[in-house]
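Next up: the structures, one after another.
Each of the next two complexes has chain A plus one other chain: chain B in the first, chain C in the second.
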Partner chain A sequence: MISIGAMIILAVVLALITRVFLMKHKLLSWVLFSAYTAFSVFVLLKLYGNWNYFETMNLSYLVGRINMRPGFLNKPLGWFFSFFVMAMSFLNSFFSMGFSKSSHSRNIVPHWLMILAASLTVFFTKDWLLFIIGWETLGWASFFIIMGGKQKKYKDSMSYYFFSLVSGMLLIAAVWMIGIKFRTLNIHTTTRSMIILAKNTPWQAFPTLLMLTLSFLIKSGAYPFHIWAPRAHKSAPADFSPFISGIMIKFGIFGLLLYVIPIVSKGYAGYSIFGMPVFAWVFSWLGIITSAIATVLAFSENDAKRLMAYSSVANAGYIITAIFLGTALGIKGGLLHAFNHMIFKAVIFMTIAAVVYRTGETDMNKMGGLAYKMPITFMTFLLGIIAAAGIAPMNGFVSKWMIYQALLGQKHYFMTVAMFFASTGAFLYLYRALHAIFLGQIREVHEREVKEVPFLMQIPMWIGMILMFGLGVFPGYLLRPMMPLMKTFGSSISESLNVVQGSVGSLNTLFSTVIFILGVVIAAAIFFLSAKTHKTPMMDNYTSGEDPEEWNVTPNKYQFSYGFYEPITKMFSWALKRSVDKAYFKASYILKIIGREINMIFTDHNNWGYAALLGLLAMIIGGLFL
Partner chain B sequence: MVGLLFIGLGRIITARVQRRIGPPFYQQFIDVIKLLARESIWHHWIMTLGSIMALGGLIATMVHVPVAGWLPYDSGGPIFLILYLATIGYLGMAMGVSASGNPNAPLGIGRALSLMLGYEIPFAAILILFISLTGSSSLTEIAAMQTGGFLSWNIVKFPLAFIAAEITVQAMMAEKPFDQMIAPSEIASGPLVELGGKFLGLGMIQMAVAIYFETAIMVNLFFGGGANIFTFTLKQFGVYTIAILINSVMPRYKIENAVRYIWTVPLALIIIQMLIVFLR
Partner chain C sequence: MNTYLTLLIILPVFAAFLMYFFRKADNWVNIAIMSFVTLFGTVSSLVMLFSQGMEVVALGGWKPPYGIVLVGDQLSLIFVALIYLIAYLIAQFGGIERTKTNDHKSGALFMLLTAAAAGMILTGDLFNFFVFMELAAISSYVLIAKGGCRSSYTGALKYIFTGGLASMLMLLGIGILYNTTGTLNIAHLMVRIGLVGDSLRWLALGLVLCGILLKMEVFPFNLWVPESYKGAPAGMKIVLGSILSTVGGYALIRLYPILIQNPGLIKMLLPLALLSLILAELAAYREKHINRLLGYSSAGQMALVMLAILFGGRIGIYAAIFIVIAHAMAKAVLFFVGAHFKESTGSSMWESYRGLSKISPIGAALFTIAALSLTGIPGMMGFWGKLSMIGAGLASAKYFSIAIILIITIVEGVYFLRISGTLYQSTESDVKAKASYLLIPAVILVLIIVLVGFWPGCISKIINGGVSAAERSSEYAKLVLDYLL
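Presenting the complex of A and B:
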């Protein structure tokens, strides 16, 4: 059997090969990428069930006073995340093969392979040092893909990189504290020691926990760190957005589940509120606030990719809330939602990439009626938004239902109401995207030029549709393999294929889907048994039989998209006025001034400050020697 | 069927309030049959898909709502499933009319969804109140909690919640003062503007089904369910009559005012009710 370490090294080697030798052969490098991901999926499937499989390298070194030996340990949590990373990258590779336009950057494959190597490291490593290395690699590799070497994307991708740097620094600081405290950097033993520490002296555990939580929340785009998400998605290449939204946002969730949640739910003995630790309660609320704010921001968004990025932030909010509840049902709901979200959001971003591929636009006000030209893409998008809005019978509904049940089971009634708001709001902005991109009137340019995407790009869409519907009807196909994973969080319920148990009720997904299909059959029977129809072009209706051209009536004029939810946006204007973006902007402005002043000290030699600084340094050094 | 009968009777009531005689009670059946028999125009297959999905979703929702404690399958009236199955009906309706290409249609849908954002929140709060009291998200159990005479009905026990729910349901049924989505004089009937023939016929059936299960939910929540199907239907008609009476004398809100109103008055009422219940 091939080892995890070998998989990581293989990815790095492939990245080098594609970067150095295959820059001219884009398609070949995508084929290599696809082969690598398929092979990894195969290897990971063989690893399933072989829990606590451990491998180590014949390499030991000292970090500070700690003797280190890098090693990889197969735990269910890491296995699931890396399986989804590899499987979704595999699906995405088909899409990218078809996507290769001339403007499509050549740098994506090598960096993406680096990301895969880094994510395997993060998911399987047994010590914090490799975790940090993987975490930083994730940050810069994805930064290069997002920026793509284009000057105009510098600002947006820099804001992404800034946040991932902050996240990395918080992580390093926290790990440093852990290292000092326990004299070891093993993740699993320090978890146990932290549980004991948090039980006895919560205030000693608190700073480390807080820093780690913030570091992971930044990666998952929680409020007030959500501003990188829309920017990064907007400037990322269209076929990389599915990966950012589906997978990258989940790295934070992985980190939380790996370290913070076990400690908070098992060991924390500080003050508690409503029957849960204050720490967890605050971050649960932060999750809900994140989703509510992202929802309100999405109402007035005109860019398809930014809108979906806000939707991802909102979904990350639900997941954060669910896992911080700390109950088995909450963690199960959160994890299931994380995996479901990987599937449906990746699929939604693929359809948007398909639209970009054909039209070159992401501004929704410049689109409309594309469903008439791209029916497969439209159907995929439709099923995707049904799942994303958490509507039965798609997979998003099951996990959202579980999160509701978890909230109600812990009697968090206000959180439930707030989640209802975010969930209904999701339906609002997703319908707006559906209408503005795919329905309504089609533009004349698109009428002439747009057609369905090539078959290679349709493959992942079809698979995505089957997955979304299949996991909606039989969530057991995902929940059953997840049983060893849930066991690590202290739940040993055996799952059935189509019945999900909640805290205040149960849900039979197969039955509800059958009823829905029967309802559709009845409706179709009424429709097709009644009188005939005949098709007329849309423009015939508006001018009472006169020639539309004479009246200067064009389809563009009849597309309603701009200011779609203006009344609602107006209602929230008081909140939108005080946005976090402005605070960040002010902070960056002040930082720039300070930076310029410091710069002056070193560059401007006539400045007395230069001399003063040298004098100060001399005094400090002299003081040290004395 | 019952829904159509309700609309027919509702039209008489409105007429009587406005000092007219009104159409016969079976007029709505005649209308639907006539519309289904007419040849109709369509623009795109998505319109057909939307209409069928809407009616299918709403019928599926109706099946899950217990009628006098009776359900075709022992699912217990799962309230979250009901809410989210109804949503697929609304999504189908919205998609179908969007594909008709008339700008008035998405305008109406946009208003309807904004209003939905408004009424879902107090409605969720009401449901959570009852779920917290029964410890179950099943409508059957919520109805069963109220057995034993008029005084154990929730309308008597929780009058403030009932008033809030009544306002919410008024918005849910898009009756005045919450009929911004239809608004015949402003946006030419909104979503219905481009529908003709059997599309309109299906639209009417959708409306009837929606009214049927919305009133049924209200009866289950506040009027103790009902011993048999006749008393149950009578109670449903009572709920509908209240809505129609308010509808026939009210003007229309602007959409943002409507949402603001729903987020202040009913939500405040339900929160007061919750405080009374939880602090007692």
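Presenting the complex of A and C:
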């Protein structure tokens, strides 16, 4: 049995080897990466079911008065997240092998391996110290990967790293407070102690809980910490975007489920509102607000990656709402949506990366009509956005349905309505992306040069399509293995292959898929049996037969979906005017001015006397009051 | 064993005169003398440190508290080993300005500085400490002024003025202490400090602290820092950042038992340290010249050390020692690599270092690792220091200070990684890497940083010894005063 510690060390060693020797050999690096992730998946599969497995390493760290030996525990929550991280990285590696032939790809394997090592650490660790170490490593490793993408300045990666640092600092402070209070840094012990503390004296538990929640929410891109997401996802290398948008955004969710949700759901004895502790209710609403705002922001986006980044943020919002409900159904819905989202969002980003590979573009207004040139990519993207919009028969439908059921079951009608709004909006902007990239008029330069991506890059797309459809028809294939995970959250429902239990009913996915296929068959029959089609050129379709040359529009210039949602954007301009983005920008500007002024203190000699006085004043006043 | 302590101070002085003797010879003679002396110092202090011995030498046979003693307990030996290691690396590899010509003057002054620094650490007598401090200061004035650009002169002048003023104040404080307690021996002072009346004690300690805080680059004594760091020659920059500030940190740790007897003093120093931290790091945030930026960062880190000491307790002292060591090493790496970058591109503005990772990948990696260590990222030495410090602060319930420290850490992380990001951007410049031998000492130090980062246990035992040495003032007094009786 290979130990988890060995896997982590192996990843670090491989990262070092790749960084030092193999930076120029991209293909070989990706092959190594592929081998490593495949091996990890194999090791993880062997670990499944072995929930009492633990290992301790032979080092000991003395931190303050707490002596600790690092160790790893195999628990379902950590197992599932690790499994998905490794499996999706494995899929991605095939894609990257093909992508690495492109001239603007950089070798991100060493840093990605460090991320994998850090992920394993975070997911399996027994104590908070290793958690912190893993968390910080995730921060700087992904910073360097995002740096490697295309950007004129480093502002996008700095924005990401800033939020990562804030999250890390909050985490360290909270963990220390926990350590000082409970005299131990073991995660399980502290969870149980915290539950007891929250039951008896909720106000004492509150600061630590708040800090931890904020730290994890920042990593998930919740409002008002969401601004790093579109920037980082856009600037990241195209083959890393699937990972950062699909997987890394979920690490915050992992933290919440690991520590915060058990405390908040098992009896936080604070004030209650609508049958939920106030703490949880506030954050549930925060999730809804996040999705609503992300949806509105996505309407005006013209860049494919930024649009999908907002979609990720919105989905993270749904998950946050669902898990803070605290009920078994809510947690199950949230978790299922998290895993489903990992799959479909990664697949969507892979298709976008495929488009980048062929066209070098992510600006949707400069694309169009690629469906005939890249049919597999188009199919994958289509299935992906159907899943993302939460429409049967894809996997996104099941998890979204479950979240709605959880909300309705707890009688949160307002939240349900708000979520419907966000969800419908999601369909609007996702379909626009589809049209802008794949349908409509194709540009001349693309007409000549673009063809489908090589088969190596298609493998993960095919697998993704099969997964999305398969898990949509038979969600039991994911829900059944998740039963031990749900057991830790107190639910012992046994899952069937295609019937999903909700709160006000149940969903038979096989049945709904059959109806869907039946509908497709009927529609196809009507299509083929009716009158003969008459093919018209697309420009005639768009321009209603007029001659566009009269308005200086050539087929090349005319993008059908340009400014498509302008009316909607106008409708929400009152909200878009006050943006958190501007607030952050203003804060950073103020910080710059302060920095410059302070710099002047040191350089301008006339100020020295005042500086000395300032120091003296600080001593006296501070000494009196602090 | 007994004579090694004295040798640690005398040998560099002897080397300084020796270099003057050989002034007509080639340059390699100079380098050989300096390297041999500093290497000897490093090895012997490390040997003494790891053999857990406690040495006290009464100079001239005069017993304490009448004579001057040299004390080599765990705390002193850690610091002596540290500065000798850095001095060795500078002596061996730091010679950019000295090419063919035999610059015996700089070498001699550097040796005197090393001797003085070692003396400051090893001595057990307060006035002796002052004397060595002055020796170090005067050597540094001249060495900084040898930088060759306009800032060297302005920086040296600023250092002279502030340093001179602070020395006067410190002398006054020492005088008051001598007058009231009748002794200058540090150990004896720890015992007899209660004899001094309350307000006089505050005055005396405050005056003495003025001198120490100047070395530690605490506001408002750090106004000399940016200019001096900018103008000093490359080797001297490392001395300033890694050796002199380290000695200041040592002095504060050594005086800790005296300090904690005056909780009011600690209460007053805390906001000063916080202010110093905030101002230094915010000034660094906007700085475009890399050496001034590193100077501000130095000041900020020393403010952190001061905060750690002020938080108190075993964790606080542990954190302070750890941060000092981590800072000395990381700062030396940053200056070495910075000098290498400057030689390669000809500019000291970090914005012109865009894309240097292509030309000097090792240099960029070393810079990044050292910068990450200063910020406190796990995997490097600085993480354990920062972690312990936050623990110390929370344990002594100084929540406001901890909040400020965490926010400032974020600022620090941003500006350091900004430079690192600039290094890794893509560019089409065609500079060549020069002076790559400067990277060798950086590699050695980075290896230590990463080793301790992953396995802090290898030095934590020694540091715990140092903590005990710092904390138990009664034992220290007993050790010194009774040792030779």
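Going forward, the second predicted complex is superposed on the first by the 563 of 626 C-alpha atoms of A that agree within 3 Å, B and C clash if a C-alpha of one lies under 4 Å from a C-alpha of the other, contacts with A are read in each partner's own complex, and residues count from 1 in each chain.
In this text, a residue touches a chain if its C-beta (ideal position, glycine included) is under 8 Å from a C-beta of that chain, and two chains touch if they have at least 3 such contacts.
Everything numeric here is computed off the predicted structure, so don't read it as measured data.
In the superposed model, A:Y372 makes contact with chain B only, not with chain C.
Once the two complexes are laid over each other on the shared chain, residue contacts for A:A523 go to chain B alone; chain C is not touched. Touch criterion met: A:P567 reaches chain B, while chain C stays clear of it. In the superposition on chain A, A:M619 makes contact with chain C only, not with chain B. In the overlay built on the shared chain, the residue A:A6 is in contact with neither chain B nor chain C. When the two structures are aligned on the shared chain, A:V580 is found in touch with neither chain B nor chain C.
Contact with chain B, but none with chain C, is seen for A:F420 once the two complexes are overlaid on the shared chain.
Applying the stated contact rule after C-alpha superposition, one finds that A:E136 touches chain C and leaves chain B untouched.
Within the superposed three-chain arrangement, the count of touched residues of chain A is higher for B, of the candidates chain B and chain C.
Residues of chain C that touch chain A in their complex: 219-220, 222-223, 225-227, 264, 267-272, 274-275, 279, 282-283, 285-287, 296, 315, 372, 377-379, 383-384, 387-388, 390-392, 394-395, 400, 402-403, 406-407, 409-411, 413-414, 417-418, 421-422, 424-425, 455-457, 460. Across the interface of their complex, chain C is touched by residues 59-65, 132-133, 136-137, 139-140, 143-144, 147-148, 154, 157-158, 161-162, 165-166, 169-170, 172-173, 176-177, 179-180, 591-592, 594-596, 598-599, 601-603, 608, 611-612, 614-616, 618-623, 626 of chain A.
Taken together, the chain B residues at the contact with chain A in this complex read 36-44, 46, 48, 51-60, 63-64, 73, 75-76, 78, 80-81, 84-85, 87-88, 91, 94-95, 98-103, 106-107, 109-111, 113-114, 116-117, 120-121, 124-125, 128, 131-132, 135-138, 194, 197-198, 201-202, 205, 254-256, 259-260, 274. Considering their complex, residues 369, 371-372, 378, 382, 386, 389-393, 397, 401, 404-405, 408, 411, 413, 416-417, 420-421, 424-425, 427-428, 431-432, 434-435, 439-441, 502, 504-505, 507-508, 511-512, 515-524, 526-527, 530-538, 541, 555, 558-560, 564-565, 567-568, 570-571 of chain A touch chain B.
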